[in-house]
Amino acid sequence: MANLNLVQAINLALIQEMEKDERVLLLGEDIGLNGGVFRVTDGLQARFGKSRVVDTPLAESGIIGTAIGLAMAGLRPIPEIQFEGFLGPAYDQITTHAARMRTRTRGAFTIPLTIRIPVGGGIHAPELHSDSPEAIYAHTPGLKVVMPSSPYDAKGLLISAIRDPDPVMFFEPKRIYRSFREEVPEDEYTLPLGKARTVCSGNELTIVSWGASVVQCMQAIEKSGRDIELVDLRTIYPFDIDAIEESVKKTGRCVIVHEAPLTCGFGAEISARIMERCFLHLEAPVQRVTGFDTIMPYYKLELDYLPDAHRISRAIDDCLAY
Amino acid sequence: MANLNLVQAINLALIQEMEKDERVLLLGEDIGLNGGVFRVTDGLQARFGKSRVVDTPLAESGIIGTAIGLAMAGLRPIPEIQFEGFLGPAYDQITTHAARMRTRTRGAFTIPLTIRIPVGGGIHAPELHSDSPEAIYAHTPGLKVVMPSSPYDAKGLLISAIRDPDPVMFFEPKRIYRSFREEVPEDEYTLPLGKARTVCSGNELTIVSWGASVVQCMQAIEKSGRDIELVDLRTIYPFDIDAIEESVKKTGRCVIVHEAPLTCGFGAEISARIMERCFLHLEAPVQRVTGFDTIMPYYKLELDYLPDAHRISRAIDDCLAY
Amino acid sequence: MGYSYPPSANMTRSAIADFPMPITTAFSTEIKRVSILDEHGSFDESLGKGLIPDPDLLRLYEAMVTCRILDEIAFRLQRSGRMGTYPQNMGQEATSLGASYVLNKDDWMVTCYRENCGLFWRGVPMESILLHWMGDERGNAMPREHFTTPIAVPIGTQMLHATGLAWAAKYRGEKRIAATFFGDGASSEGDFHEACNFAANLEIPVVFVCQNNFWAISSPATVNCSAPTVAQRAIAYGMPTIQVDGNDLFAVVKVMRDATAWVREHGKPHFIEMVTYRLGDHTTADDARRYRDQLEVDKWKGRDPITRIFNYMKSRSLWDDAKEAALRERCEKAANDAVARAEGIVDPQKNEFFDSMYHELPADLVLQRDTRQTHSLGQSESASLTASSSH
Amino acid sequence: MGYSYPPSANMTRSAIADFPMPITTAFSTEIKRVSILDEHGSFDESLGKGLIPDPDLLRLYEAMVTCRILDEIAFRLQRSGRMGTYPQNMGQEATSLGASYVLNKDDWMVTCYRENCGLFWRGVPMESILLHWMGDERGNAMPREHFTTPIAVPIGTQMLHATGLAWAAKYRGEKRIAATFFGDGASSEGDFHEACNFAANLEIPVVFVCQNNFWAISSPATVNCSAPTVAQRAIAYGMPTIQVDGNDLFAVVKVMRDATAWVREHGKPHFIEMVTYRLGDHTTADDARRYRDQLEVDKWKGRDPITRIFNYMKSRSLWDDAKEAALRERCEKAANDAVARAEGIVDPQKNEFFDSMYHELPADLVLQRDTRQTHSLGQSESASLTASSSH
């Protein structure tokens, strides 16, 4: 066991998979000598050499497009996109090729690719450094979408993602990159993709969340003093609807929390599914506490945009009072 | 009045707006002499000249990026993207600039831009010519998203879109480009963005749909012989939640139909909103009849993918029987 | 060999180099153009002699004729409703064929959709291509042993895959290189730039082949590249580059052979502009008469790559009308047999499009597949129903 | 004027041109490099004399010094928590300044984030730029009369806007052109290629200025462009192109003046590579010592554009230490005043980020704004509450 923050847990996972599997290589902007702008790949180029940790030109479509080629050849590339706001230029390669290759070739070509992307707000960064586009990729069949909320989860989920034979969008909530540490096994381990984690159990209400928001949810739960169950999705697609269903059937009430805008955020899908699966068990309409349907503001106002414990508490109260 | 198909209605709207407003110009691949691959801009270059109907290089990011520049300068560009499957390269310019410009400059620069895009399946086309990405753009604050379902609507909505001071994604369902005609006023008229249309009234169940699927919904309604209300959204964002709320509060039952994949499709948002707004009026869980969570298959199987009257009927029956 | 290699790139750059005063030359270069057998029958012995042994030439000729015949049949199939939109290859057979002839069997060939002749040469079954355009993904299930990639529909995107595939070979220490084909229109896409730039800066062995057929649907080549040549796009990357008469099989083979040798030796990319012409419509959904001049088409009919080899073989007495007749018969049979095989493949199962979505299908997709519905009511029941009824 | 214009592009292309045999030259070109005042004090009179009148030179010098001082203050503000991430401009003042000096007031200047000096010259208030990096959108509310665009964060994207803005001018028959600035790193993005290609093929009057400062965060320029020059990127588009010592204000002005004149006359684009160096870290979030050699930095400190003008003015007895001291004092006051103004602007309202989302806010957004919640329960009640309480 080691006491690690999320950055260190990911760094360790990368080291272990690279040591184990020669097919694994990293590529991206500034990931080599500089160790990435968040230092997630710190020391890896020194350790594994310039052919396995490759500084690429500044071009995200190029990074993902060449990674697709690497994957078609049977390697297991792990590109880093510097911030989620710079996924845009790579959107086409991700959606028209990475997500489609297996099915459009009926399995002749597969894309074992893990795209690592720092995600989310709350770190006082410039514009386009604070968004949460997970729903966009969850609406793209052929991809898996993962977002850990702790160092332990990050390591286990990343190793699973790397070993997964299909393309995975691995979103790393930058707000909790270094905000806390926890015990992380030094040996390798995996956490199954598609399985949620019950952070704490309760009978009165279910909160569903993922990524950095899990922290705000915990704060709100503590504040509330009520008997609340918190389900951390861990994987956005495929998502663990069974765990949600089981919890909501028990509690009858649900609040969903995410940073992305409300409209067509992934909370919408969960809400719709809960209606479909738990209709007769619901004591109150499912509530969503999310980013607003605006552009994430520059940092002076970012905390007014992001869902916080206060807003979550209000939703909990409203939902319990219903 | 003229009896027009959807292509002709759009062509007419373009002519009228171009005649009225010198700031309007068209750009895109093959839209000039060739009139576009669907002939929507047929005759416009001959009529308005090469400076107002411009054949561009084959590069979608370039088309949208330069259109943003044109709009920043106060013109009203109407780029055409040849098929929705080729929006990918333009995704970054649309989401990081067109959608954000007004708010990131606090109104100093605005983007009066209308992007025309043929959308959807059912025309026997090659891959990437049959998708329905409206939810992606509805999840992007700063954009408006429109999808007409008839020639009359197409003309009125397009004129509104062109005059709208903000960027509009104008999706044209190619399956009904020429499949029927209707009476369309020869004079210009507008239909408000953000307002739904009640296609037919009923008391037993509400269907919410948009675009080409409206046709399949009508078939299913006729087949059912039941008293069903059909709401055609017309605008996906901002969407007419009031019209949906009113209808569902009356009927207590709702089926949503769209071509895009189920998970995080726009149906999810509507379902979540109905739960939030009509909880105590619901007699049955809202149902979604949509494309599957797979890549749209090549055309041999496309009709097995798209929601059809049969699948809609089953959902109606299941919902009514609940 | 008649032209210097690589084209001169005479300066190197360093952050601490001094800046000479006041006006100096920072860079100069030139691009060569190669032609061996022209449409009038002139043959340049200095470059052409021994380039393609006669027995190979016969096989290559047969390949072109077969491809042309299949092209014509495919067009008719589409017109009679037995095939979807189809892009004819007519007039461009020599480009991809010459390249495939030169490449090793285990080099990657990363194409677009107008390179049938080269793909068939590598062993891709004709029925695969037909099946693809008949709206069936199984046509894209390219057997790995051909080292060809699926047909690329989104223009300009596949060159990055070529760069990645060649990068993988370099990473593994394999000798394999990649060649990638794309059109003049495709050279406008940002991905084209990124593919070349990655290959040049990361030193990846790729041959970039622009098939300049003068049209991108209705856009003349100048809309996509107003520069004097497409070949000069490569100068942006400091990449060796050359222009070749793409309807001249000999010149294509010559240039491709030199380029691949250079790429293998240096582990870096090389660019080739193959100048050719699309004799047919863009696809069966297009009507080229709307936008281009019949005079231009006629001029290029006179430059047909197939006729050129026919005349050349005749002039060397390798060929006569009887041989031609026999060959045509053989080719037609081969093409018709391929159509029969493609049409003989039973239609895919209604549910087939679910099965290759992921290595392991998520439970939710299994449910959607088995119930053939997305609405939830009765979904679990009908799922168990299907599950039990399938036993 | 010492170099021919435009650089030779000696062939034109036509779909029906004949193909000469066997090897010919399809294209040749060369790129010039211009330098007038070097770091050792040499001054080329033939190009430099009368280029910048002395009074202007003094004003330009003051602009550079002010910008440099503001840069240093901004750095300290960030370190003391009064400002967010900030990209220093240090060492690159002459590039954008020289360009702004040449451009007309109503030409568009479309920049990235390292062109403060040029923006201030055009009249953009210093506090706007500070406000932007203090995390406030109001810093981006560029007054239209400056014909400058907001700071561009997504690398490589703004050049397309420049092309569009200049296209609009051409469309309206205005004389306006656009100049756009971007880095060596940015020249790797697909959008760069598309912007140049659109401008060249559609004949749009844009000056593309690559500020090659040898680094893109930690990537040396060769990772992004391994070709001998960045200037040669423009050859891909048949665009005139030139390289200039970007730390030499005279050379920048000379080249920019020639380029803008050419662009205005021909209505077509022109490329300039300005070779410069980023003396500071990439941004305050970066530590350049991790990846670059102090020797290189020192070499470039000796090439500082400000020192160069200082020495030149001294050598011409236009300047002395007393004048310098007085100027420094003025500049410092100007910079400090700007900081005070930026910090004096009251923080935005909590809800301000809703207000500019659309011309007219959709009802749903009004509800979200007024209730400051996205969950639905009690939303309509608290909305009416806010609405009434705001009276």
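The letters A, B, C and D name the chains in turn, as written, and every chain counts its residues from 1.
As a working rule, a contact is a pair of C-beta atoms (placed from the backbone, for glycine too) under 8 Å apart; a residue touches a chain by one contact, two chains touch by 3 or more.
The shown structure was predicted, so the numbers you read here are calculated from the model rather than taken from an experiment.
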item	value
Chain labels contacting subunit A and also subunit B	C, D
Relative to subunit A, chain with the most remote C-alpha centre	C
Rounded Å distance between subunit B and subunit C, as computed from the means of their C-alpha atoms	35
Rounded Å distance between subunit A and subunit C, as computed from the means of their C-alpha atoms	38
Per-residue multi-chain contacts in subunit D, two or more chains	137, 154, 188-191, 194, 197, 201, 223-224, 353, 357, 364-365, 375-377
Numbers and ranges of subunit A residues touching at least 2 other chains	56-57, 59, 61-62, 85, 88-89, 92-93, 96, 103-104, 127-128, 141-142, 237, 263, 276, 284-285, 287-288, 292-295, 298
Topology of the chain contact graph, where touching chains are joined (line, ring, star, complete, other)	complete
Contact set on subunit C toward subunit A in their complex	137-138, 140-144, 149-150, 154, 157, 160-169, 171, 190-191, 194-195, 197-198, 201-202, 353, 356-359, 362-365, 375-377
Subunit C - residues contacting subunit B, complex	84-85, 132-137, 153-156, 185-186, 188-191, 216-219, 223-224, 285-286, 290-291, 347-348, 350-354, 357, 364-365, 368-369, 372-378
Subunit D to subunit C touching residues, read off their complex	2-3, 9-13, 15-16, 19-36, 38, 42, 44, 46-47, 188-194, 197, 200-201, 214, 220-229, 231-238, 243, 245, 248, 251, 275, 277, 295-296, 299-300
Contacting residues of subunit A [partner subunit B, same complex]	61, 85, 88-89, 91-93, 95-96, 99-100, 103-104, 127-128, 135-136, 138-139, 141-142, 237, 260-261, 263-269, 271-272, 275-276, 279, 282, 284-288, 292-295, 298
Subunit C-facing residues of subunit A, complex	25, 51, 54, 56-57, 59, 61-62, 65-75, 77, 89, 92-93, 96-97, 101-110, 141-142, 144, 164-166, 194, 237-238, 241-242, 273, 276-277
